[in-house]
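Next up, some structures in C-alpha cells.
Two complexes come next, and they have one chain in common, chain A, joined by chain B in the first and chain C in the second.
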Partner chain A sequence: MASVTDADLKTMTQEERVTALGMRTDQLTGRAMRIEFNPDEEERFEYPWAPDVDFNKRTELDVDEMTSTEANRQIRALMEDGYGTIVIKNPRGKHSLGVGILTRLRLIFEGSLGYFGVGLIDGPNVTINGRVGWSCAENMMAGSVVVEKNAGSTFGAAIRGGDLVSKGSVGSRTGIDQKGGTIIVGGDTGALTGFMMQRGRMVICGNAGKNLGDSMYDGTIYIGGEIKSLGVDAVPSELTDLDKDWLTRKLTLYGLLPERGVDHFQKIVAGRQLWNYDNLEPSEKKIIL
Partner chain B sequence: MCGIAGLIHKGNRANVGGEMTAMLQALKHRGPDSTGYAVYGEGTPGDYVMRFVLAEQEDMSKGFDMHQVVAERLIEVENRLKLHEANVKSREAVTDYAHRFVISHEGDTEQMIRHIEDIKGVEIMSIGNGLELIKDLGDAGVVSQQYGLLEFQGSHGIGHTRMATESDVDIRSAHPYWAFPYNDVAVVHNGQITNYWLMRRDMERKGHRFMSSCDSELLAVYTADNLANGVTLQDSLRRSIDEIDGVFTYLVATKDQLGMAKDTMAAKPLVLYESDDLIAMASEEVAIRAILPHEIDTTDPYDEEVRVWQA
Partner chain C sequence: MAGTQYRGSEITDVDQFVTDTEGLDSKREKEIGQHIGYRYDVNLVPDYKRITPFLTKYMETMGWDDLNWLEDIHMGYEDGAPAVFDRNNNGWVSIPDTIELPDNQQDRDMIARELLIKFQMSDRHPLVLLRKAYMKF
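Then we have the complex of A and B:
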C-alpha cells in the first residue's frame, strides 16, 4: 500500500484518515469514549495559563544541591521568565524531576533521573542524556521524551499521548495500562510489557520477557526480537505495508531503524476475548489515536 | 517499602563501611524505622567475630534495674562461652546492650549459640570470620556512627533500611538476617513472602530456629538450609524463585560472594551498576549515585534474574 502524505490527510474526513492510517474503527459492544481528533487543533492547543516561552531563550540550571521540589519550582520560574530551552545539570538520579509541565518546553537533562521522572506532562519535548528509573513519563499526555540510555520498570505507565523513547533496554511492565501515544524501546523489555494496554502503539526493537501484551484490551505492539511468551488474549496479527511505513518513519525519526529494516517485526494485538464492556452504548466506535 | 543496597569490590578492599552508610542514608525515605549492615572485613584465621545484643534498645528505658539485668546477662554469656571452651580474645561494649566479642572456638558452634541464646533477652546477631552484622533503630548515619562503621575497611557488604509493616520496630525484626548457624552468611530483603508460615513450619521441622516473626528471616534460614545441604549460593538463589511465593528482591552475602535474586513478577526494584572493579546495587539509583558522583550506566535486572559476584 502506498504511503499517505500529510497533504492527502488534510483532504480526508476523519473516518477516511483513520482507515488510511491503518487505525481501527471496530464496533465496541459497550461503553466507550468517542474521541474526535483534529490534528490542526491539536497542534494549536495550549492551556490558557501556560507561560509564553521562547525556544531560543536558553538557560542552564544546576540542581545538584536542590531537592526535587526546589528544582521543579526553579524550572517553573524559568518558564515564567520566558525560557523555552532549559538544560538541567547534575540531576544525579533524583526522583520526580520535570513533572507536571503542561506546555511547550525544550527540557534537556544532562544526566540520569530517578523514579517518576517527567510524569504528568502535556507538551514538552524532553531529552534525557542518561537513564531513568521506574515510571518515567507516567500519565504523559503529549510531547516527546527521549531517553538516551536504559529505563526502569513501568516505563510509560498509563500514557495517553506523545512519543516516549528509550534507546536502551527497559524493565518490566513497560506501558502498563497504556491509553494512547507511542512507546519505543531500542533494546529489550521485561515481563508483562503492554499489560492491560488499552490504546496506542508500542515498538520493541529487541526481545520481550514473558506475558507480552497480557490482558490487553486494544492497541498494537510491534516487536523486532524474540518473545519469551505471549500473555493472555495477546495474539499475532499481520504486519501490513502501512504498519511498515509507520514503523520506518517512527524509528528513523529517533535513529533506531535497524539496518535490516522492519520486515522482520511481529505485530501483536488484542484477541478481544477478555473485553467486559457493558452494553449501554453499543453503537459507539473507538478510534485509536 | 524498605530499601536494600549492596556492593562488592572485586579483588581489592575499600572503605565499605563509609560507602554503605552513604548508600543507605540515600535510601532513608524508603525505611526510617531501622537500619542494618552486614559488612565483610579481613578476619583472622581461626577467630570469629560474635556480635550480640542483651536487650532491645527500647528495653533499656524500662524498669529501674534494666542496666543491672543486662550486666547479669553479660556475665551469663561469658559463663556459657567458658562452658563451651570458647576463648574470648577481645571484648567491646558498643552500646549498653550491644557487644562485639572476638572468640576462638573449635567445638560445636551451633550448640554453643543455642545455649547462649537460651538466656532471656540475648540474641546473637552474627558469628563470622569476616562478617560484622550491625543493626539498630534509626537511620543509616545514626547507626553507623553509633557502631563506629564509618571507617570500616572491607571487600563487600549489604544493607537495609526498614519500613516496618508486618512486624515490630525492634532490633530483632531489623535486617540483615544472619543465616544461622552458617558463618559469614547474611541476607537483606525487600518484599513480602506469602508462603512464609508454610515454609517456616517446614524449616522448624528441620530444626532451624527463628528469632523474629519477620517474613524476611525466612530467606536467611532457607539459604542456610540450602548451603548446609551442599547447594551453591547460585543454585539456592535460583531455587528460591520457584519455592518462595510472593514479591521479593533479596541480596545474600557470604564471606567472598554477593548474590541477588528477583521474583517472577519483578515487582520490587533493583538498580545495578557493574564495572571491572566494583559492583553496586540498590533499590534506587540515587543510592549508587551517593558513592559514584560521575555519570554511570545502570540496568534493572529482570524477573527471575539471579546473579552472583565474587570478591
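Then we have the complex of A and C:
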C-alpha cells in the first residue's frame, strides 16, 4: 500500500484508512501467520514515529491554570519541539497528568499528583517530588517512575514493564494484576499487595499487610520486613545468589539498599495450586492476523 | 541450569524444549495431558555480566541504568523452535536457523532482547501498519 501517503491518510476516516491500507482484503479464516526475526535488521533504538528529543534540551511548564488535558497536550507539543527534559511546575494533585507518553523523556513533577498519574507510559523516566494518588503508573509498559514520598492504593495496577518506585509507604492492592516489570516500595505496603499477580517482580523493603500475594499466578515478591499474613497460594521460596545480586543492584540504583544488605529478604512465589486454566493457553498463543 | 524453573519443574537441559517438543515436564502439564504455551522460566532475573554492547547502547539511548522492561524478555520455545513473545503484537516471533544458540539461557535471553528491540523499532513491525490505520491524527 505504498501508494497511500500519510497526507492522504489524514484526510480519511478510520474506516477508509483501514480499507486503503489493505487490512480488509486478506482472507483470514484458518490462517496463522508466523513472523521471523531478521538478523540483519537495522540498528534502531526508538519507535519509527517517536519525536526526536534531546535530554539536554530542558524546559519548564507551569500547569497551575491548565486542565489535565491541556497540560498533557502541552507536554506532547514540547516533545515535538525536541525537548527531552520537561519540568512540570504546580501539578497541585491534578489527576491523569503525564499519561500516554510512548517514548524516551525525562519528566520531572515539582509537586504531587492525583489519581492515575503517568499511566500507560512506554519509555520515559519520571521523577515525582511529592506524593501520588490511586493507580499511579497503571498499565505502564517501560521506563521508570520514582515517587519521592508516599503513594495511594493500587500503585502500579496492571503494570507490564519498567521500574516503579515509591520511596515512602503505599496503600493496599499494590501491583494488583501485575503482568511484568518491577515495583519497589521503600516503606510499608497495605493489604492484598500482589493480588492476582501474573509475572514480574515486587520488592517491599518494609512490612506488608494482610494477604500478601493473594491468588498470585506467577511472579516474585521480595520482602525485607514482616508479613501480616500470606494470601491464598502465596508460598515462601529460596532466595538464590542471582536473586541477591539482582536485588542489591536494583535497590542501590534507587538509593534504597538497606544498611544490612539483602540477606534478610524473603522470597514469595506462587504455590501453583490455582493453575486451573492453563489448558486454554496453547490455542491462544497462535497469532492470527 | 540449576535453579531455573519451568512451572514447578527444574529445567535440567537448556535445549530441553527444543529436543523434546512433545514431552510433559511439570506436574501441572502431566495433570492436563499437554504442555503449556510458553516454555521458559518467566521469573529468571538477568545476569548483568552477560549484557551485550547493543543492549548497553539501548540503555544509554533511553536514559536507563539497567535493562528496564527487557528484564521480562526471555527466549522461549514454541513447537520446539526458539522464539520470543512480542507483547506489541501479542504473538511469538521465531528465531532464524542461522542464529547459533549459546549453551546457556542467560546468553540466549540477551540475544532475544536484542532481536526483539530491533524488530519492534523496525518499519516492518505490524504495529506500524496498525498505527497508520487506527491512530488519531
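Operating definition for what follows: the second predicted complex is superposed on the first by the 233 of 289 C-alpha atoms of A that agree within 3 Å, B and C clash if a C-alpha of one lies under 4 Å from a C-alpha of the other, contacts with A are read in each partner's own complex, and residues count from 1 in each chain.
Keep this in mind: contacts are C-beta pairs under 8 Å (C-beta built on N, C-alpha and C of every residue); 3 or more make two chains touch, one makes a residue touch a chain.
This is a predicted model, so every value here is computed, not measured.
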| item | value |
| --- | --- |
| First (chain B), second (chain C), both or neither touched by A:111 | first |
| First, second, both or neither for A:264, with chain B first and chain C second | neither |
| Which of chain B and chain C A:134 touches, first, second, both or neither | first |
| First, second, both or neither for A:219, with chain B first and chain C second | second |
| Which of chain B and chain C A:76 touches, first, second, both or neither | neither |
| First (chain B), second (chain C), both or neither touched by A:57 | neither |
| Contacts of A:94 with chain B and chain C, given as first, second, both or neither | first |
| Per-residue touch tally on chain A - higher for chain B or for chain C | C |
| Where chain A meets both chain C and chain B, residue numbers | none |
| Complex contact set, residues of chain B against chain A | 264-266, 269, 271, 284-286, 288-289, 293, 295-300, 302-303 |
| Interface residues, chain C side, partner chain A - complex | 3, 7-8, 27-29, 32, 34-38, 42-48, 54, 57-58, 61-66, 68-69, 71-72, 78, 84, 86-87, 89-96, 98-99, 115-124, 126, 128-129, 131-134, 137 |
| Touching residues on chain A, where the partner in the complex is chain B | 92-95, 111-112, 114-115, 130-131, 133-134, 149-153, 169-173, 190-192, 209-210 |
| In the complex with chain C, residue positions of chain A that touch it | 6, 9-10, 14, 17-18, 21, 23, 33-39, 41-49, 55, 104, 106, 123, 125, 141-144, 160-163, 180-182, 199-201, 218-220, 240, 242-243, 245-246, 249-250, 253, 269, 272, 275, 278-279, 281-282, 284-287, 289 |
